[in-house]
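Next come two complexes built around chain A: one with chain B, the other with chain C.
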Partner chain A sequence: MLPNNEVRLPPPRAARAAQSAAVPCDITTQFTEAASKLKTGQLVKDELFTLFEAVGALEIMDSKMDSGYIAPGENHVQALEDDYDVRQPLTPKQVVGLMDQLLCHEMAWHMGHPLSQTLFTSIYLDKLLWPVPKTMEDARFDRVPSESPLISLVLRAYCLALVKACDFVHARIVTEYYYEEEDFVSQLYNRNLLSGLDPSHFFRLLDQAVEWVDSQETMDQDLRDALRCRLLLRHEFLSALDEDLEVLDTRSTDNFVSCLSTLSGITETVAHGTPVPEAFSLKIQRRLASTVPPRPIVHISPEDALAHLKRLCQDAIDMQQMLDYKGPSNFKTAIWSLLSRKPQPSVYIRCLLQALIVSDMTILGAVPVKQFLYDDLAELVLPSSVLLQANTDEVELPSDPRFQIAQKMEGFVKRFSQPFVDTVRAACLNRCRIRRTVCHTVVDWDNLQMEAEELDLDLQRLSDEPPLQMKGGETTFSFPLSSWAYNQKLIQIRRIIQMGFELSIYAPEELAGMYWYLSYICSTHLGHLDRIRTFTVAARKRDLISAGDRSADSQKSAAFHRSFRTLERVTTQLIAVDAFAIALHALYVLLTRHEVLPCAAGADAYSTDRLRYELRMKPFIPISLPELVPFEEFQRESALEGDSDAIILERASKAITEARKAWDVLLSQGAFLEEAGSGSGSGSAGGKEFPSAIEEDWKRDVKDAMRACIGASISIETVRKALGNNPSPSAQQPLNLEVTIPEIGSKSRWHEWWVVPQVSEKKNQ
Partner chain B sequence: MNQNPPVLRYVRYDSARENEYVAAMRQLISKDLSEPYSIYVYRYFLYQWGDLCFLAMDEKDEMVGVVVSKLEPHRGGALRGYIAMLAVREEFRGQGIATKLVRMAIDAMIERDADEIVLETEITNTGAMKLYERLGFLRSKRLHRYYLNGNSAYRLVLYLKEGVSAIRTAFDPFAPPHPTHMEAPTVPVGNTPGNGVI
Partner chain C sequence: METGHAVQYLEGLLGRSLRVHTTDSRMFVGIFKCTDAERNLILANSLEYRFPTPSAVETAAKELESWDNASEAAKATVKVNMTSRLIGLIVIPGRHITKIELE
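Take a look at the complex of A and B:
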């Protein structure tokens, strides 16, 4: 269905320019004359009237679209104003109930619903925020405050601290990359979230409120506790949000930890509250500055709201474990693992993390982007290389090759820093957007690789690189920068395919082909890593021959060691993915061949296999390397044409056994690459702890993949058995198998990226 | 199962009967939407592509199904069909009416030399997804919280000719500067949850 929402449509092209020189003239006569030629009701469409405008249009006097519409007979005052009295006395139970309702609305807003359907339906908040208060004293429910401190102090302090918390959240999100309406609705409807008021006022007010609650000896103890922990939550949450990027300096998790501890108190006392539904009203929407139709109040349960907040706090706490920079691959692993948590960390966390990853061209507030880029190059392709050491400060003679190398490398840094950081930062987008973004950036990286190749040629000459003789006899050079760029691109291609599985993009009949393609990309990547390794080994040999200075050599040796370790880890990972993909590919080929796999497309579908292949390969068509597999080849290879069932079964079994071994090795290597000389055993490197909570995420992910491997083994064995019972299945005598594709979230879908078919014997036959 | 399936007539939209048809299709489509499309949305499609709109009418000449679509070059490139709305009255569902209507729209687009056809459908609308996938559409991407009820959508695409993916879109001097993918979008202009209606 068409979205009824302009944001989702391509915006109209800017109105044709050249209007600046227009001279106004009276066209009344012409207009009247032209209009007289039209029949009543005849439609005339302006050329510039787009779908965007059509969808954005509202019909005035239609109650479903016009938020200002007042029905015939409806009283004007009643239609706009609520007769809820914010000074009316409330019981402590009601105040607890109100606080929890507000928290639900706050979390619904965090989840992406607009304020107009959540917090801004609260009459209390409306009174606080309109007219816009300039001082703390202005921000009150009524000019004459309620005589009950339960309202004028306790509820007010809660509400004000809540609004201020929203202010911090809003400020952080809107300064980062996020998608309006997908991730978050930033609209404030001309209200101000008390951004001009210093947080200290709020803390003071909360302290007073807590003090008052503590002194109410006649109040039921449970209710006093309930009020108290809610006020404390506001205090701690506000402190935590106030800290924002300062966490890079404070390195404190105290505030979020305190939040978590108050949350358990709140969870236990939700039942003590009595909701006050009449304190929320849709009529407020009519007064908010907006052009959207009236929309219903969003209701989420206290359980969901508390769970969301709890996750937010936990993610924030765990995030702080990765603030120490321990090299590029560890950094990237930590970010990807944290952001791949299910459910995905909230938009606030994702935005905060974006800012921590890079602000002012500095990683984690400590490492210049150039350093990060160089570290990555050193880890993968250029351990201890003159290319990364040259700088124009030490060598000032322009004719010196080292000066020219430094200049070339400066150009490289300028060009590649941003796209490189973006590859890391893209993980902060919502999952759908990650895939869509990578589909775009992979094309950019194709171009970047070509640019890097040009630089490589220059650097080859300047550094006087000796060529290597390859097995075939031809000589070749290392091309480090373009090799590095190609590695980036191959990672992205793999990610596009894998996130396709995660987002349930592929139809069942495509799975054989997609796992074939995944394995094709993995083997291409493995070949590329071999090439890189060959050159690194050669560089190390040269290095050892010409070794002189011993102290410099220990540094060099460490750099090479780290690079070899990195290559080894990436290789292990690729072997694991490759083997599993080969096994699933073979399994799906058998299921397809014997027509037991469910199929989304009907027999009389419009498309052909060739057209569907073209569509599926669309993101890769503009890419020059690796070259697109021609359709005929894809069809032949992905269907394992010419291979007997027995051969394919053998292939599946062997591959899944190898996959299980490889995933085991990967698990034993751990999530993070340790510094050389820090000894074995996980936990510390260079005296600093590795992020253990994030390491747990990483391990869980690997273990889930291993579970999927076991599931695949079982499915393969079931197929083997069925083929044993019926060695030449036919249309008359099909394989006695039932196959289902487990959906994301179902128990038998052990891992998002591994779609293991559930194969079972058909019961009644 | 209906013992006597009603005899339906499938007709192309006729602008001479605009008043009667548009009112009926609005009612049919709005029924499943929390927020209706404005009249301009219907006019936008019907005025320009009325011949790509098909209706299913029962014996009493009442509308029981409708498909609304358009066909135009996508950013100056491929000739792209778009199925905007599809609805069948609840008690008539499950009889292949929607499939028939969509086929008529696709056939009309093919006749007019369409290169590809695209549409979006809510991920929870399994009926619609199955229908389009049976016809050969593939999911090309998932759109996060596409509809304002918070539900995500899939973009479904059907290529009708070879080489569509290679057709270059024209240079657009008004397009946002490249690269756009990491840029934060601008002003919020909210609107609606549109439900798939099959």
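Take a look at the complex of A and C:
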């Protein structure tokens, strides 16, 4: 993916113009005369140039748009160059202050602000980076270095290591999938972040600086410590970033751990620094190659900057716990849990994780994508199946069905690997983009499911699969690949709805309908899992009957065991979600029915229930299965037409009790599926522990959902009480209830995916 | 010049590289994309050129001095490139234009 506002540099014009000094000819008069002949509003324009593009043009001589604009009366020299002398002596306090200011700007850049409004407003950095230094020696503040080593050594080492750290961050982010200007601004304004210089130089310089600071016996001890820990941070942070993907081999968290330990020292000494605001200037924007209007300097507080860096380090440390592959479902759970942390891990972490998840068609640098795909199939639909075991290496006779199966499966792998890995990788995008991306991929998966179905038919013939008699009497086949694809699709549909709650997409009046739809998807999914289970049970039975070889059987039974446990876990999770959704649906129906629910749309709003439903179902319209629920049916079902208040109340209470139990069971099952003995379906050797920090995230998430369950039962009880006091509410005598929908981030919104209304009795006026 | 002629002339310039000088002594070089009756100009892929600041001239002069201590004449004609930067798609309002050149 190309960064979308990449500035493509035309060839250096200065040089070209100089050569072909083919005297430019003055056409002012002709041009002016010709232009004056045009009618007002008449344009002469390039055919391919659209007015839409023209809107994006920067207006020269407009102070708001033209970054090079110098107001009349403003001194040209002063407007372009700052009076600030980079050689002026600074006190240690000022140097500490400067370092912290720079760190704030660095973190602001990490948070997604452009360099032009952050680091590139620093006069010191500007001097270091322009003209572009070719060697380490070139990268200095002035041609004649300051006599004070505090500046020429300590501050310079800090600045250089900072720039190099930015270089590593920039390089990692721009090679991965991210959204320009949403997650990160990659623009470098034709400057270079010292990418050509080897990191070893920077480490050496930092060591020298630390040595110098240590030798300053006359300097105040607090300030020496403050300088020291800042230099150490640069050292450790640079090593950590330098490690990048090598972490797959080193498996070391040392650098990030040391970063964290220096951070506490920095936090304690922030107060010792004196900021030097004069050392930062917006005027530098007048000299940066930039296609955007001038914009103000971004200021973030040292507390926020340090908190951001601390989280980055902690996320990086925790991420390393999941580098051991422990089967597909565990891998997916770990990734989703880590990336669902609040606040979401920074863009650098998300990009690093993308590269770790898959590069060169290898998962976590160890498992080929094909293996990952096969493991997932084995876990869900095909434990110990000939379809996954067949390969063309062992059977070379083209007429042999096993050879043909292997060929068919090769085709499947080619087609499905990328989309499958992408379903995992999508979690690395920012939250809004995850939902948007899934809305698109869910349609692809609908097509994939159909393709898989055709493959299933071929494979069923080749593997001579015996049909199964269903309850209704008709016979049917397992369709493993398309079952698996359908499962993927149902997960995605559920995610779209749930992230809709997280992203506050739905209005209060839509919540009843959306929770109804969520439960509808869950029950469809549960039915599908039942079907899969039926076929796995049958396969296991066949297996046991024909079992001859004992040694192979233990492996087989482990594979089946793992598959059954996976199905059980997914089922538990779905039951929990389903029950909770049913309860909230019923609760919202009651609140809507008695008109106590706040409403986002005004009385004369254009929107109607039908239009809103159409809008919400838009991603699902092209999908063939599950079929779209027609609006009339949706309206009838989601409003629980014909059910009395008492029945609905009963439904809510029952469901919420069931939900609480189910979430409890889910919690007791834990985040990860443990390896049952040896020789399970996956190719990994097991070994290390499960990622405990990520397991904590997962547990916290489940506990939050349980808290939301409790909140919902309280709300249901409050409604029951109000209905008991006023069994036949009417327009004259409405229910004496006050309902608020807790916003995301507020304390009473226990879980992003569960919008539990707060219902309370109205105070008597 | 008639309107038809005028349009033809201007259309002939589309896609060519123009140098446009503005009232604040800057110069912009870019591909001519669009104009109107008020002589507002739209240039694509533009570079902004600015005369070097006195301090830059001074630095260059010093540099030259340190390289060769030659004649006074050489020192008098220090050559300093105009500073340039890419600013992309721009519109220059006609009232700020002092001179238009064709490259």
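Here is the rule we use: the second predicted complex is superposed on the first by the 700 of 765 C-alpha atoms of A that agree within 3 Å, B and C clash if a C-alpha of one lies under 4 Å from a C-alpha of the other, contacts with A are read in each partner's own complex, and residues count from 1 in each chain.
What we mean here is this: a residue touches a chain if its C-beta (ideal position, glycine included) is under 8 Å from a C-beta of that chain, and two chains touch if they have at least 3 such contacts.
Since we're looking at a predicted model, the values are computed, not measured.
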Practice prompt. Look at A:V77 in the shared chain and tell me whether it touches chain B only, chain C only, both, or neither; answer first, second, both or neither.
Written response: second
Practice prompt. Scan A:K37 for contacts with chain B and chain C and give back first, second, both or neither.
Written response: second
Practice prompt. Please indicate which partner A:K45 is in contact with in the superposed arrangement: first for chain B, second for chain C, both, or neither.
Written response: both
Worksheet item: Touch check for A:Y606: first (chain B), second (chain C), both, or neither?
Response: first
Practice prompt. Using the superposition on chain A described above, determine whether A:R287 touches chain B (first), chain C (second), both, or neither.
Written response: second
Worksheet item: So, A:I60: does it touch chain B (first), chain C (second), both, or neither?
Response: second
Worksheet item: Touching A:A507, do we find chain B (first), chain C (second), both, or neither?
Response: first
Discussion item. Is A:N190 touching anything from chain B or chain C once the two structures are fitted on A? First, second, both or neither.
Written reply: second
Worksheet item: Counting only touches as set out at the top, which of chain B and chain C does A:P24 meet: first, second, both, neither?
Response: second
Discussion item. Tell me which partner touches more residues of chain A in the superposed arrangement, chain B or chain C.
Written reply: B
Fill in: Intersection of chain A interface sets (partners chain B, chain C)
7-8, 13-14, 41, 43, 45, 49, 53-54, 56-59, 290-291
Worksheet item: Of all residues in chain C, which touch chain A in the complex?
Response: 1-3, 5-7, 9-11, 13-15, 19, 22-24, 26, 28-29, 32-39, 42, 44-45, 47-48, 50, 53-55, 59, 81-94, 96, 98-103
Practice prompt. Mind listing the chain A positions that touch chain C in their complex?
Written response: 7-10, 13-14, 17, 22, 24-28, 30-46, 49, 53-54, 56-61, 67-70, 76-77, 80-81, 143, 190, 287-291
Item to complete: Over in the complex, which chain A residues touch chain B? Could you list them?
Response: 1-8, 13-14, 41, 43, 45, 49, 51, 53-59, 62, 64-65, 112-114, 174, 176-183, 185-187, 290-293, 295-296, 422, 425-426, 430-433, 435-437, 439-441, 444, 503-507, 510, 600-602, 605-607, 610-612, 614-618, 621
Worksheet entry | Complex contact set, residues of chain B against chain A | 19, 33-41, 43-44, 47-48, 84-86, 106, 120-122, 130, 133-148, 150, 152-154, 157-166, 172, 174, 179, 181-197
